[in-house]
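Naming follows writing order (A, B, C and D), and every chain is counted from residue 1.
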C-alpha cells in the first residue's frame, strides 16, 4: 500500500506511456479500444490514490491542492471519453470514415496526449511543463487531422501553425522567467523549479517578470483559446473526431489555464510587477463577449459548442482576474463544471451527428421526439452550460456575478450582458435542435449512456451539494491564487 | 416542524415529477400525477394556512446544501405562509382540473412531469431565506414553466413564446442576481438574516429597488417588461396557464415584498412613486391590450397585467405611507395589495379553466368564432360569468372588496407631506378607476361574444359541456370568490399577521364589527358590507320577481328576435369582439397604439364588398425591443467575419495583440 | 577580456537582427532561403560564442544543431520542395517592403525600449541578448504576417525560433536549452513535413494559405 | 323597538324611492312637453305604462338564455339597493353604512354590467351597439366620479354619504371653487350615466346613436317594465345624490322625531321637483351630440374634477 502511495505519481505518468507503446504494437481495433479504456481507468485510479497519499515534493514532481483537483478531473474525463470513443469509433469504422490502421495510431496518440497533460499538471519545472504541454498539443494536432478531409487537414494545419507560434511565445516567457529568477536563485535547474520560484518570487526583477507574463499569457492563452488568439479552436473542434473535441474542450484548455494560473501566482507574489488581474479581466471579457456574439451565426453544431467553450474560458479567466476568495472559488468551480458539462455535450453531439449523418444545425430538429434520450440529455447539457439551476455552473456564475457587482459594478454589467447574449444564442439553437417536428435521417445509434449520465449527474449534484472535501480544496486553492 | 413538513412536501412533489417521467406513456399517469399533486398541495396548503392563522413566530431551518460555507436557509413567516396558501390553493385546484383536462391536453407526457416540478419550485421560492437558494428556486421555477410553455413543441408559435419567455426570465434573474450581489456586499453575506441586519446607503437602496423592479417586475408582467406574458401564458395548457397567470405572477409580487419591505430596510418616499407610476401604467395598458385582442387566453393574460398593476399601485402606496410614518395607512394599503393577490389568483384560475373548457369543447380560443356557449355549456358559462363579474371588480364579489380598500388607501394620500405624491396619487386613482371600468367593458366583451349571442362557427354549435373534474374545479373557485366577496373581513383578519410582521402595524380586527362589515379606519369615514348588500339585492330581486309573477303575468312566448325589424339570419351579422371594442379603440387607439383605420367603400353601383381595416401597433415592442434584437443581430453579423479569416490574418491578430500588450508594458513602466 | 566578450556577443546578436531585416527585405523565395541560411549561420556563431564565454559545452550542441539542421538541411529541403512544388519564384508580399521595413524599425525600437528598462537588474550581456532576441522574434512574426506564401511563412517562423534560441543561449546557465532547440527542430521538421504530408500541392493547387479557406467549414 | 323603528324608516325610504321614480320620469316628460308648447301625457302616465307592460306577455327571442330573463330583476334590484342607500330625506339610516359612495357607484356599475350582457344575449347588432357604447361611456364617466368622490372625501374626510351631508350643512364648509367644479362635473356625469340628452336620447328607439334604448330593444312585457322602472330609479338616484351632496338642507338627523321626517320628505320632494325642472329645461335647450363627441364632454368633466381636487390642495394647503 505504502508502495502505491510513494509511486502513484510515477504510475499516473507511466501507465499512459506503456499503454501507448502497447497500442502502437497492437493490431485489431476492438482490443485496442478496450485496452485504451483499461489504461485510462488505471490512470484514473492511481490518480484517485493521490488523494490518500502521495510522494513529497521534489525538484521534478509536485502534488499540491491546485493540481490534485486538475489531475483527478483530467484522468476522470480521459477515462469517460475513452469509454465514449469506444462506441463512437466502432460506428466510424462501420461508416468507413476511419480505417483500422488509423485507429491504431489514434489510440496510441490518445494515450500520448493523456501522458502529456498529466505530465504538464504534475511537473515541478516550468521548462518541463512547457515541453509537456507542447507534446499534448502536437498529439491533438495529429488527431484533429485524422479524417484527412479537406476541412480536417485545413483545421489541423491552422491549429498547427497558430499553436507553434503560441509555443514559441510560451518558451520565450519561460526563458524570461528564468532570467528574472537568475540573479536571485542562481544558475541551473533551481531557477526553473516551481517551488523554488514560488518561495523567492517576491524579490524577482519585476519588469522582466511582467514581460514574461505577457508572453506566457499569449502563449498558453493560445492553447486556452482566448480571444484574439483563439482562431484554431472552433475548426479544430468541429473537424476532428468528437472524442478529441471533448478532450480538447474538457482537458487541454484546462491544462493551459493551469499553466497561466501557476504564473499568475508568481505575479501575485511580486507586487512591483504589472498586475495580472486587469490583463486577465480584459482578455476574459473580450473572449466572453466575442464568443457570445459568434454563437448566433453558427451553422455547425460542434463549432457552436466550441465557441461556447471560448466563452466559458473567458468567464474563468475573468474570474481569476477579479481574484479574491469568492471569485477564485467561482473560477475553479466553473472550470470543473465546464469540463464535465462540455465533454458530456460533445458525447451527445457525437452520437447525434452519427444518428443524423450531419453536423448542420439546420438539418437537425426535434431530437426530443426522434431520439428522446439524446434529445433530453442535450437539453439538460445545454441548460447546464447556459448556467441554469440546479446545475453546477449556476452556482459559480452566481458567486462570480454577485461578488463582482459588489466590487466593480461596471465589469459585472458587462459580464452579465455577455452571459445574457450567450444564453439567448444557446437557447435559440437548443430549441431548434431539440423541439419541433423531426426531419431528415433518423438512424438509431448505440448510445454510450454511462459517460454522459456520469458527467451530467455530477454536474447536477454539484449544483445543489458540494462535498466539504472539495470545498476545502477549492477554498485553499482560492487563497493560494490570492 | 411545519417547515420540515413543507420541505418534505416539496421533495415529494419533485419525486412525483420523476415518477411522472417514468410513468410517461402509461394510461394511469395522468390520474397518478395530478391526484398526487392535488393531495400534496392540499397538505402544503393546510400547513401554510395553519401557520398563518395560528399566527406563530417565524420558523427557521438550514440544511447543508447550496452554497457550501453558507448552507441553504429556509424560513417560514407570516408573509411566506400567506403566499404558500396562495400557491398551493392554485396548485391544488389546477391539479383537480388537470385530472380531467390533463388527458386531452396534446402530448400530455411533456406536461405531466413539469407541473409538480413547477409547483415545487414556486414553493421553494417562498421558503428560501438566502440569496442562492432563492435564485436557484426562482430560476428552477422559470425553467419548469418554460418546459411547460414549449410542451406543444410542434407549434412554432409556442416555441417563439418559450424563447421570449426564457430570455426575459433569465434577464430578470440576472437583475435579481445583481440586486442580491449589492445586498450581500463584497464578502458575500448571502443569508437574508445578514441582509436584514445590514444598513444600506440611499444609493444602494435605490439601485436595488430598480433592479428588483426589473427582475421581479418582468416576472410579474409590469409594463413595459410584460412582452413575454401574453405569449407564454396562452401557449401553455390551460391548467398551467392558470398556474402561471394566477400564481407565478404572485410569487413575483412576493419577491418584491420580501426584498423591498423586508430586506431593504426603511424606504424613501420616492420608491413609492416608482411602483405607483409603473403600476398605473400597467393597469391601463394591460386592460387596453386586453380590450383589443380576440384570443381568449391572451385577453386573460393581458388582464393579469392590469391586476398586477393594481397590486403594485397598492404596494407603492404602502411604501409611501411607510416612508412617511403613517403605519396604519401603510397597513391598509399592504392589506389591500395582498387581498387583491388572493382575489386575482382565484379569479384568474377560474377564468383560465373556463377558457380551457371552451378550447377543449370547440377547439378554438378565437372569440370571433365562438358564441352562444351559454346554452351548450351552462355550468362553465355560469362559473365564467362569476369570474367575469369578479374580475371586473363589481360588488358584491371579492375583487371589489380589495379594490375598494385600495381606493380607501388612495383617499388617505392627501396626508402625505410630499407634493409629488399629493398630485400623483389622485391621478393614479383616476387611472385605476378608468382601468376598472375598462375591465368591466373588457369582460362584458369576453363573456358576451364567447358565451352569449348566436354561435359564429360549426365548432361553437357542436360544443359539449366539459368533464366533471373541470366543473368541480371551476365551481369550487367560483364559490371561494363569492365567499371572499361576502365575508372580506375574514380574509383581512387573516392578513393581519403579515402586515404586522412587515410594517409593525395591522388593520383593526374586522370580524368583530357589527353585521360583519369592513371598516378600514373608522365607521364614520367609510365602511362596506358585502354580505348585507348581497342579501338586499337577493331579497329585492326575489320580492319584485315573485310579486310580478304572482299578481301580474308569468306567461312567455318565444319568437324570432325583433331587432328593429331587421331580422338577420346570419350570425356573422351580430356584434363581433372587435366591433365591440371599436368605440374604446376610437378613444385610446390613436394615442397609445398608433391605430389607423382604412375604409374602402366600393364605387356606387359596384356590388363589391366594403372593407374596413384596423392597424394597431404594439408601440412598446416596436420601440423598445426590436431595436435591441436588431443591435444583437447586427453585431453578430459584423463579428461573424472573424470565422472566415486566413491563417495569415489570424497571425496578424496574434501579432497585433502582442505588440499592443508590449506597448501597454512600455507605457506602464 | 570581458569587454571583448561582451562586444563580440553584442556584435553577433546585432548581426542577427540585421539579417532579419535582410530577410524582411527579400521578395524572392530563393534569396529568402539563402538569407535564412545566413541567419542560421549567425545564430550558430553567436551561440558558439556564448558557449565559449559561459564555457558551457552543451551549448556547442545547440550551435551544432543550428549549423547543421538550420543552415544546411532545412534550406536544402525547402529548395527541393520549391522545385518539386514548382512554386513560381515571386513572393506575394502583402504590403510593400518600404512600410514593412518601417514597421520593423518600430518593432526593434519597441523591443529595445521594453527590454532595456525591463531587464535593468539582469546583467548587461543577458540584457543586450534579450533585447536583440525580442526584436528578432518580432521581426520573424512580422515576416510571417507579411508573406502570403506558406514556405516563406515557415521561413519567418524559423527566424522567430532562432531568436528564441539566441535568448535561451544568452540566459546564463539555463538548463534544457539543448532539449528546447531539439524540440524546436522537431517542430520545424513537422511543419516542413506537414507541407509534404498534407501534400498541399496536390490537395490545394497552390500553397497560398488563402486557398485553404475554400475548405473552411461553414462556408458551403 | 328601536330596531323596528329603524327598519320601518329604512323600508319607508326604499318604498318612497321606488314609488317616486316613475313620477320623476312623468314630470320631466310633462315639463319638456309644456316647454315645447305641447300638451304632453299626464304626469302619472309612467305608472300606467308600467302596469300595462306588467300585464302583457313576455315575447322572448328564440335564443334568449336564462341570463336574459334574470337580468332585469338583477338590474332593478341593484339599482334599487343603490338608490335606497343614498340619504333622501334622512341621514344615518339603519343600513346606510353598509355601502359608501364608492360602493354605490360600483353597484350601479354591476347593474350596467348585466344590462350590457343582456343587450348582447340575443345576438342582434343593435344590442351590441348599445352595450359597447354604454361601456365606453361608463368607462369615461367612472374616473370623473372617482375624482368627485376624492374632492368630497378630502373635504369631509369621509366617503360615507351621511357624514358628507352632515358636513355640508355644517358651518365648516364655506363657498368653495372646488365644490362648484365638483357640482358641475357631477351634473355632467349624471347626464351621461342616466342616458339623457345630450349624451343619449331616452325618447327614441329608431336612432342609430341611441345607447340605452338599444340594449333593451329585445325586451318586452314585465321585463321591459322592470327595466324602465330601473332606469327611472337611476335618474332619481342621481337627482337625490346631487340633492344630498350639494343641497343637503332639511335632511332629518339620525333617530329624529316623526316631524323631522315629515319635513325631510317634503324638502326632498321639493328638491327633486326643482331637479326635474332644471333637467327638462336643459334638455329642451341643448341638442343631442354625436356619440363620439361624448369622450370630449366627459373629458371636460374629468378636467373639472381633477382641477377641483388640486385647488383643494392649494386652498387647504396640505
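Following the convention adopted for this analysis, a contact is a pair of C-beta atoms (placed from the backbone, for glycine too) under 8 Å apart; a residue touches a chain by one contact, two chains touch by 3 or more.
Computed from a predicted model, the values in this text were never measured in an experiment.
Fewest steps needed to get from chain C to chain D, stepping only to touching chains, is 2. Across A-C and B-C, it is A-C that has more C-beta pairs touching. Across the assembly, the mean Cα position most removed from that of chain A is the one of D. The geometric centre of chain A is 31 Å away from that of chain C, both derived from CA atoms.
A separation of 79 Å divides the Cα centre of chain A from that of chain D.
Remark: chain B and chain C have CA centroids separated by 69 Å (rounded to whole angstrom).
Each chain gets a centre from the mean of its Cα atoms; for chain B and chain D, those two points are 35 Å apart.
Contact of a single residue of chain B with at least two other chains is seen at positions 643, 647, 651, 654, 658, 662, 665, 669. Residue positions of chain C touching 2 or more other chains, listed in rising order: 114, 117-118, 141, 144, 153, 212-213, 216, 218. By the definition given earlier, chain contacts exist for A-B, A-C, B-C, B-D.
Here chain C touches chain B in the complex through residues 94, 107, 110-111, 113-114, 117-118, 138, 141-142, 144-145, 147-148, 153, 209-210, 212-213, 216, 218-219, going by the rule given at the top. Across the complex, chain D is touched by residues 371-372, 374-375, 385, 389, 392-395, 400, 404, 407-408, 410-411, 414-415, 422-423, 426-427, 429-434, 436-438, 440-441, 444-445, 447-449, 452-454, 515, 517, 523-529, 532-533, 536-541, 544-545, 548, 552-553, 555-564, 566, 568, 571, 573-575, 579-584, 586-587 of chain B.
Interface residues of chain D facing chain B in the complex, by the touch rule stated above, are 14, 54-63, 65-67, 73-74, 76-78, 80-81, 84, 95, 97-100, 102-103, 106-107, 109-110, 112-113, 116-117, 120-129, 131-133, 135-136, 138-143, 145-147, 149-150, 153-154, 157-160, 163, 205-206, 217-218, 221-222, 225-226, 291-292, 295, 302, 306, 309-310, 313, 318. The touching residues of chain B, when paired with chain A in their complex, are 64-69, 131-132, 135-137, 139-140, 143, 150, 153-154, 156, 159, 162-163, 166-167, 170-171, 174, 177-178, 180-182, 184-188, 190, 632-633, 635-637, 639-640, 642-643, 645, 647, 650-651, 653-654, 656-658, 661-662, 665, 668-669.
Against chain A, the residues of chain C that register as touching in their complex are 114-115, 117-123, 126, 130, 133-134, 137, 141, 144, 153, 157, 160-161, 164, 167-168, 171-176, 179-180, 183-184, 187, 190-191, 194, 198, 203, 212-213, 215-218.
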